[in-house]
Amino acid sequence: MPVVFQNIERADPKLLGDLGAAGVATVHEAMGRRGLMASTMRPIQRDFAIAGSAVTISAAPGDNWMIHVAIEQLKEGDIMVLSPTAPCDMGYFGDLLATSAMARGCRALIIDAGVRDTRELREMGFGVWSTAVSAQGTVKETLGSVNVPIVCAGAQVNAGDVIVADDDGVCVVPRGDAADVMVKAKARLEAEELRRARLASGELGLDIYDMRPRLADKGLKYV
Amino acid sequence: MPVVFQNIERADPKLLGDLGAAGVATVHEAMGRRGLMASTMRPIQRDFAIAGSAVTISAAPGDNWMIHVAIEQLKEGDIMVLSPTAPCDMGYFGDLLATSAMARGCRALIIDAGVRDTRELREMGFGVWSTAVSAQGTVKETLGSVNVPIVCAGAQVNAGDVIVADDDGVCVVPRGDAADVMVKAKARLEAEELRRARLASGELGLDIYDMRPRLADKGLKYV
Amino acid sequence: MPVVFQNIERADPKLLGDLGAAGVATVHEAMGRRGLMASTMRPIQRDFAIAGSAVTISAAPGDNWMIHVAIEQLKEGDIMVLSPTAPCDMGYFGDLLATSAMARGCRALIIDAGVRDTRELREMGFGVWSTAVSAQGTVKETLGSVNVPIVCAGAQVNAGDVIVADDDGVCVVPRGDAADVMVKAKARLEAEELRRARLASGELGLDIYDMRPRLADKGLKYV
Amino acid sequence: MPVVFQNIERADPKLLGDLGAAGVATVHEAMGRRGLMASTMRPIQRDFAIAGSAVTISAAPGDNWMIHVAIEQLKEGDIMVLSPTAPCDMGYFGDLLATSAMARGCRALIIDAGVRDTRELREMGFGVWSTAVSAQGTVKETLGSVNVPIVCAGAQVNAGDVIVADDDGVCVVPRGDAADVMVKAKARLEAEELRRARLASGELGLDIYDMRPRLADKGLKYV
Amino acid sequence: MPVVFQNIERADPKLLGDLGAAGVATVHEAMGRRGLMASTMRPIQRDFAIAGSAVTISAAPGDNWMIHVAIEQLKEGDIMVLSPTAPCDMGYFGDLLATSAMARGCRALIIDAGVRDTRELREMGFGVWSTAVSAQGTVKETLGSVNVPIVCAGAQVNAGDVIVADDDGVCVVPRGDAADVMVKAKARLEAEELRRARLASGELGLDIYDMRPRLADKGLKYV
Amino acid sequence: MPVVFQNIERADPKLLGDLGAAGVATVHEAMGRRGLMASTMRPIQRDFAIAGSAVTISAAPGDNWMIHVAIEQLKEGDIMVLSPTAPCDMGYFGDLLATSAMARGCRALIIDAGVRDTRELREMGFGVWSTAVSAQGTVKETLGSVNVPIVCAGAQVNAGDVIVADDDGVCVVPRGDAADVMVKAKARLEAEELRRARLASGELGLDIYDMRPRLADKGLKYV
């Protein structure tokens, strides 16, 4: 069953750039509030936003062998997404693997497990979202798979899906939906810009969104 | 039952400033170690301290409608305090709502749930203490209440209570106790200043606080 | 049973400096992947690495009396390591105790509980790794022990053991093993340097470590 | 500040019996979905339901002294409700204290902390809802208070409030609301009986509650 | 986007019976260790094993409206599988809904959230695996979907997949794989029967599985 | 480094029987409140108490190979105690391994990880205390050690130490202290018997333990 799918389709780089700039909260809304990873998935750095194509890794708990295999599959703009087959907080990934991944054009890792060398990773500018930080080393004994569908931190990820990650977390956009999602995200951003100006001037959401009648209907009482 | 109390009493701005400068640890001690929120309530920023008057929000899980209602009630120096009626880590609050709140003079949010747009919130200088960060959006379907008594992260909060928040967490001072608490906090700060100097010079707490006889009485053995 | 062991042996300062510079991940590997504290033990600061000799503290939950006792035992280069006898997230330690500890040459605290005054501690340059941040104060009623063997965040610690701590967590090196561990750590660092250069040039781990035959043996299929 | 309020008002025993029989889920609904303790509050026994008047205990973490004080205040039909002033999983309570409490007519304990002697407690028929089971003993060093307002597992409890507890958890009914809540609970139970019969016969909630038009309005699509 | 798929394919009842009898641990092994839900998914009853066809429910947090919709889709032998779109521990399901589900031939619920009326559910013989028990009620305001693919407690579930649940947890078998998995499960059960007899007689796994040479090869030392 | 110590000393069977009958809470008190495992270590059965000699197992996460090795070392009355070298909730142990262990006279397992086949284990009368239940299978790839010192659920365990386990949890008694601890435990049990009678008759702990003067001294106020 362990298998490496080598030829995956990726989203257009321009689209990746736009989705990364839009950010997780906007993209998540634009795609109908689907695809968000659990809030336990946290960045090890601040003020870092990115989008890329998912190279997925299904790995045994405490075994990072498949990361070496996955790195060979990386192309410019890819993001590795690793999910262990059972909960594990060990440090699968550190600065050496990041060096190798960066040499192939990969700029980030999403991992439902631990990483180490976090200070070095930040200094290298390699983005990491993980559910743990741990210096605990892993073994290379059990095969897993690369570019198979995985569930990572509660979200379904297929190889080539667009990963959007920033300080708020990580969102997965199915590759086929990415262009459409970006259209909606752009509309949202524009609408937000208008609303931001009105809100900043002191106008209330209660009025902008015309909420008062519905609040009264539902029975809200002011005292 | 959903209700908005519109006229709440607030503490004196000078007192708020003093309590904010004293900080959570000192204020918490000064009020007899009551009123602290659970340690799961964490700031999304660093090196930020504030005190303000609580505008409380009781909201349904995953429903941020009442924040819009609460914003209309905000006055200069207020802090919103939101507790969902069941545990929830969704992102109730982001930069648009913060823009609106800041337009009314509010500078911070305390929320036993999630927030999003964390990078933008930090850039805006809007302080947030939350139990989660999540891009997950909420709905506007179910009424809640504003300025009713709530329990937030284990602490009882009434509208108009003084909220003190810094890197150590969040403390609630009943409005009527605030002046008295500040007197005691000031005394503590002065006493600490004296002790700090002695401790910095190498004098031991064992001697400053005369602990040795009681340690011996209780039976501590030195080997 | 409460006891303070006053004369403990410490590792050589040069060795401490070298182990601190090597870092937790490398040291942990060099000692055969033993001695790591749980990943719940997190720094309150960033980009801070240190090694020192453990002064251990076994304390009752919510009682920081023994820290005062321990401070008298501190020597230049020591690190305090505190474990409560039951899980506790209260704030055992703040800036006053840190002032006192620094006056005796101690630069860091490892605590399987909470600390407070975190902003001041960071400003003082006193390193802290803890499992919680809390302003909740403690009492001084129950004796504990100093420099007895303890289990802290899942790791066995004896007085005088070398504590290595950085952004990745905390590792404990038995004092007697420290020199040998440093030899191995140094070898690892040198080997890593070589590998880093090859990986940075785009060579793959699959080839550097000759993994392809074993992957094929185990049955990995490329599609 | 440590204080024992000795004369508290209690609800009518008949009312307690009725509320206990109605059960937590029904009572919680009947009072507008307020007053429920967190779902971390779990029974140590099965198939046990009870209601009683709260004797509240605010205790230091790891210190059960105040339970001895509280027992003197117990009357027939009371339930002790203990909240530590900081999170604590130690075993505050065991079979000896239960023997003493039962001698005064108390039949249950609600505790946001640990208990021990759980097998014996079950055999004695003394009901316990706790957030932990632990044999870890406590001290008797620090005063607390009895019959003051407390927050227990997220719920506000005043002395004399009605505690309803069963396999689903624990709910707090303000004493003054208890009679009114029971009227509503009874109405709910009767309405449920009717609905249960219809549902058991195969009729659908979609039809009984006339949900189809609103589902269609909101846009639910059947494929 | 909210949609109900009405015509789903189901596995053969005989196959369901066989998979239920084989149990979660065996089935999970037989399908190559895939499809297991997280260990936070726990039964509310003991000594209860079942297998059925999944009717999946994607619901808003704290909103059980879609359960009513799903019940209409139930057929004899189905199991409902509900995942909220954000973490939620509220009580989505109780004895009335169970009455309705049983009237349509459904015997169990798998829910990554809370349930209530647990005692009654046990008495009714309706099996429940949940991540929480809570009396907290839900609303009926937001649409979700029925029989769409969901991720439940970390496992991907499609409508009509076979759910196997017992005291060890819950496993998902893709409908198309079920017959093949059962063949392998049966072979495992037979092999285990033989091994159980040898092990019961005192023979060692070390010898039965011929582990000694490999242990020696890897360097295990006996002292 | 992987090693199996074959000749360990064990406590006297009579002493084991007595300690098991005394129970965890009493033994833990008798040994000065040391040696208790964390409250996350829970039994999979009810009303089961046991004491035995520890055969310790240090295992890689998700790898149960060493259990096979350990079983060969078991003698009548032994209890296996397994700690993984990193947190892991996988199912290391099931009914086949229990069959083998029972054939050698072992009656229980303490494991800081998961087990499976829980229903069968209960039916076999094999006692298990674990931190998880999971059907997730493990591999046999990485060596560990048997009968080396380990830290299990926060407690230090040496081979041959006495393990006492019941519904309240698990306590470790160093072999050399066991006889002395039992003397103290017996004294405690006798004293408790006397106190139980007095408490059952309605006498108060406040009077039996003469607490009133000290409560008054500390300033407890009765209102």
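By written order: A, B, C, D, E and F. Residues from 1 in each chain.
The working rule: a residue touches a chain if its C-beta (ideal position, glycine included) is under 8 Å from a C-beta of that chain, and two chains touch if they have at least 3 such contacts.
Nothing here was measured: the structure is a model prediction, and the numbers come from that model.
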Return the chains shared as contacts by chain E and chain F, ordered by label.
A, D
Any chains in contact with both chain A and chain C?
B, F
Repeated interface matching E-F, over half of the contact pairs identical, chosen among A-C, C-D or A-E:
A-C
Between the Cα centroids of chain B and chain E the separation in whole angstrom comes to 42
In angstrom, rounded to a whole number, how far apart do the mean CA points of chain C and chain F lie?
28
In whole angstrom, how far does the Cα centroid of chain D sit from the Cα centroid of chain E?
31
On chain A, where are the residues touching two or more other chains?
33, 39, 85, 87, 89, 134, 136
Run through the chains and report each pair that touches.
A-B, A-C, A-E, A-F, B-C, B-D, B-E, C-D, C-F, D-E, D-F, E-F
In the complex, go through chain E and note every residue touching chain F.
23-25, 28-29, 33, 36, 39, 42, 46-47, 49, 166-169, 171, 192, 195-196, 199-202, 204-206, 209, 211, 215, 218-223
Chain C residues within the chain F interface of the complex
1, 32-34, 38-39, 85, 87, 149, 151, 154-156
Residue positions on chain B within touch of chain E in the complex are 60-62, 85-90, 134, 136, 139, 141-142
In the complex formed with chain F, which residues of chain D make contact?
2-6, 65, 68-69, 71-72, 89, 91, 94-97, 99-100, 102-104, 114, 116-119, 132-137, 140, 143
